[in-house]
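Each of the next two complexes has subunit A plus one other chain: subunit B in the first, subunit C in the second.
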Partner chain A sequence: MHPYLNQIKAIVRKDLVTELKTRELFSSMFIFAVLVIIIFIFSVDLSIVKANEVGPGVLWVAFLFAGTMGLNRSFMLEKENGCLEGLILTPADRTAIYFGKLISNLIFLLVMEIFILPLFMIFFNVDLIAHLGPLLVVIFMGTLGFCAIGTLLSSLSSNLKTREIMLPILLYPLIVPVVIAVVKMTGQVLDGKSLGAMMNWIGLTLAFDIIYIGVSILTIDHILEE
Partner chain B sequence: MTEDVAEETPKENYFLLWLTAVVIFAAIAAIYLYVPTDKTEGPVQRIMYFHIPSAWLSFFAFFVVFLCSILFLWKKDREWDIYAHASAEIGVIFCSLVLITGPIWARPIWGAWWVWDARLTSTLILWLIYVAYLMLRSQTAPGSMRARYAAVLGIAGFLDIPLIHFSVLWWRAFHPQPKVITSEGFGKGLDTSMMMTLLISLAAFTLLYFVLMGQRVRQEKLRDEIDRIKKEKLYSH
Partner chain C sequence: MTDSPDPLASPDPAIQATGIHKAFGVVQALRGISFSLDAGDFLTIFGPNGAGKTTLIKILTGLTSASGGTAKVAGFEVGNGDSRLRREIGVIAHATCLYADLSALENLVFYANMYNLENPEDRAIEAIKEVGLEGRMHDRIGTFSRGMQQRISIARAVIHDPSILFLDEPFTGLDPHGSRVLKEYLHSLHTKKRTIIMTTHDLSCGMEMGDKVAVQMKGRFALFENKDNLDTGGFEELYFETINNGN
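Then we have the complex of A and B:
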């Protein structure tokens, strides 16, 4: 295999092995997402509003809040015992570190989201199975965009004194376009529309994914520079 | 180095300062004395002569942040970092003015302080992005790390603007359509006297930007100089 891909694979494997051993990140993200959904159920009266209207928003807020925890953890883990310095000292390209982290973040978030979906289906009494295919496409595109910019900003905020606070402050204004897009798309998917009917949102989300992966490739060298 | 900063700046700054003062007075005179009151909207329409130039200025300032951020990452010269920082501060101030003058106009015209219209929303998000940018700067110790991180955010933030624009545009829109540059050509949607006033006001705000930039950059350079002298004198023996 190409050495660059090997480097990425090694970082992803390291993260997955650590997580499989401790399981602390996944369980905390999952429980946090469940709590966000439950708190939203108490704050909106489901007997007045239609579940299809508020559901997508609640689902994505839960994903993004829980995802922020995951992103925060991602580089903080590396700060302990100077792991990040070790990674930087390896002959791996800095972008390989970024892609490794991006992929492992993406895997953690997607697994968490897949576990949340059945609960969402039960709590909001919506039928997801009929629209599962398009829904998963939307979730993947949105989560990729969130992880693309999130991994970059998490590598940056992990060096700040107030890292847990600064990551959401830096991240949330930037992900507004992708949040609007995925919530709209999820709503339309649940209404039974096909993906072809929302090409503008798909284009926007893909543009977001590509732009921020590109920005990260170009700038990660300047962040991981010690 | 020290003498250069002290000697060169006053002469240049005074010309720009006076020019800016004259144009600002001309703009104020034009807004309150020359331009007729709008027939449908009444006197409150005059706030547009502050609102539009502030909006233009904040976008321009954020564009300067973007350019200086790229130049900083490329050249690694502290100069560009100073420019980006100064421009972001000015941009946030004028963006705040946009967000303050807008609701004052909207209350009598739309009957609400705030509506979730495309342009209002994108301006608010823009404001949040650059407030976060300034927070990031204030949370990091001066030096290479702060400059690099801020530059990355300056680039990522600016590239978000077109995406934010389209996302909130498709989300919803009721802002008045642009009247200055329309499909019929430049300035067709506005009366000549209104157009003139707006242009003078735009010129005044733009000049003010350069005055503020000059002051802020000079201040930051003097701060660097003080830090350098302090270090030299304190730790030299």
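Then we have the complex of A and C:
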């Protein structure tokens, strides 16, 4: 395997093994997402409001808030015992560290989202199975964008004392275009529209995904340096 | 590793620092440090807290950038992100750089992979055996004592067989037995002709291990001397005299 890919694989494997042993990240993200959905289900009267209209927003609020917890934890693990310094001292390219953490975060969030979908289906009484394919594509695109910029910002905020506060403050304004796009797309998918009918939103989401990853590649070197 | 210069064969110094400055805002942490070490030298740096010892180590290892001056380590310019430099150095600091939830073996296999070593698991087991902890290799690092963690941290730092080692107060928090084990292991590393820079507050231990000695004060070397030129028995007095003159 190419050394660069081997280093990315090592970081992903290390994060997965750590999570399998502790289950800290998944359990906290999952419980938080479930709580968000439960709070919304009690605050919205689904006999008046259509579930397809309010559901996508609730679903993405749950994903994003729970995901922010995961991102915060992600680089905090590296700060404990000076592990980030150990990582930076290896000959690994800084972008390999970024991509390793990005893929780990993406896997954790996608797994959490897959577990949340059935609960969302039950609570909001919407048929996700009929639209599962397009829905998963939308969720993947949105989560990729969120993790792409979130991983970069969590590496930045991990050096700050107020990291739990700073990450959302930095992240949410930047992620707005992707959130708007994926909420719109999720609503349209639940209404039975095909992905082909929402190419503008798909283009917007993919464009921002690429921009986030590009900016991260260009800046991660400076951010990881003290 | 094939394109890296052999530090022992090279006529160039293993470490060459020229006028290194570092400022944190208005605070001058380093004020023009210059020195040179040949391959195989062991430099011990003493100095009070806040003298800039850790900052100097961080600059030489590329963890932070200097505000001024230049440094070459193992023939590579420090500060331009050259990954070949990082292959040539190992760093042992107060922080162990180990993941508490992973076992000793998992930690070292991870670092072996990050250095792209062949047979990472075999190399990790070998490194754990070298520090005498093979009986605990499958245990979580979080369950280890401070001394055992420091030994695994050493195994981590030398897993890729670096030619230059940086030790930043490696004895901090160790009990006398742990210190002795660590000292013996560091001595064995030095006999393998590694260049070593160590910062410490332990005067007797530092004098015993190093063959060059520096006293750092307020971001400068107030003393830099071959140990052979010093009265080892009277060094403590000289140290405090240097410190007091510096103040």
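Everything below uses one rule, namely that the second predicted complex is superposed on the first by the 226 of 226 C-alpha atoms of A that agree within 3 Å, B and C clash if a C-alpha of one lies under 4 Å from a C-alpha of the other, contacts with A are read in each partner's own complex, and residues count from 1 in each chain.
Following the convention adopted for this analysis, contacts are C-beta pairs under 8 Å (C-beta built on N, C-alpha and C of every residue); 3 or more make two chains touch, one makes a residue touch a chain.
Given the structure is predicted, the values throughout are model-derived calculations rather than measurements.
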Touching partner for A:G196 - first (subunit B), second (subunit C), both, neither: neither
Touched partner set for A:P3, first subunit B, second subunit C, both or neither: second
Subunit B versus subunit C as contact partner of A:L152, first or second or both or neither: first
Subunit B versus subunit C as contact partner of A:E85, first or second or both or neither: second
First, second, both or neither for A:T162, with subunit B first and subunit C second: first
Touched partner set for A:F208, first subunit B, second subunit C, both or neither: first
Contacts of A:E225 with subunit B and subunit C, given as first, second, both or neither: both
First, second, both or neither for A:K184, with subunit B first and subunit C second: first
Set intersection of subunit A contacts, subunit C complex versus subunit B complex: 225
Footprint of subunit B on subunit A - complex, ascending: 149, 152-153, 156, 159-162, 166, 169-170, 172-174, 176-178, 180-181, 184, 200-201, 204, 207-208, 211-212, 215, 219, 222-223, 225
Subunit A partner contacts - residues on subunit C that touch it in the complex: 58, 61-65, 81, 83-84, 86-87, 89, 91, 93, 95-102, 106, 110-111, 113-116, 140, 156
Subunit A - residues contacting subunit C, complex: 3, 6-7, 9-11, 13-14, 17-18, 21-22, 77, 80-83, 85-94, 221, 225-226
Residue ranges of subunit B touching subunit A (in the complex, touch as defined): 73, 125, 128-129, 132, 135-136, 139-140, 145, 148-149, 151-153, 155-157, 159-160, 163-164, 166-168, 170-171
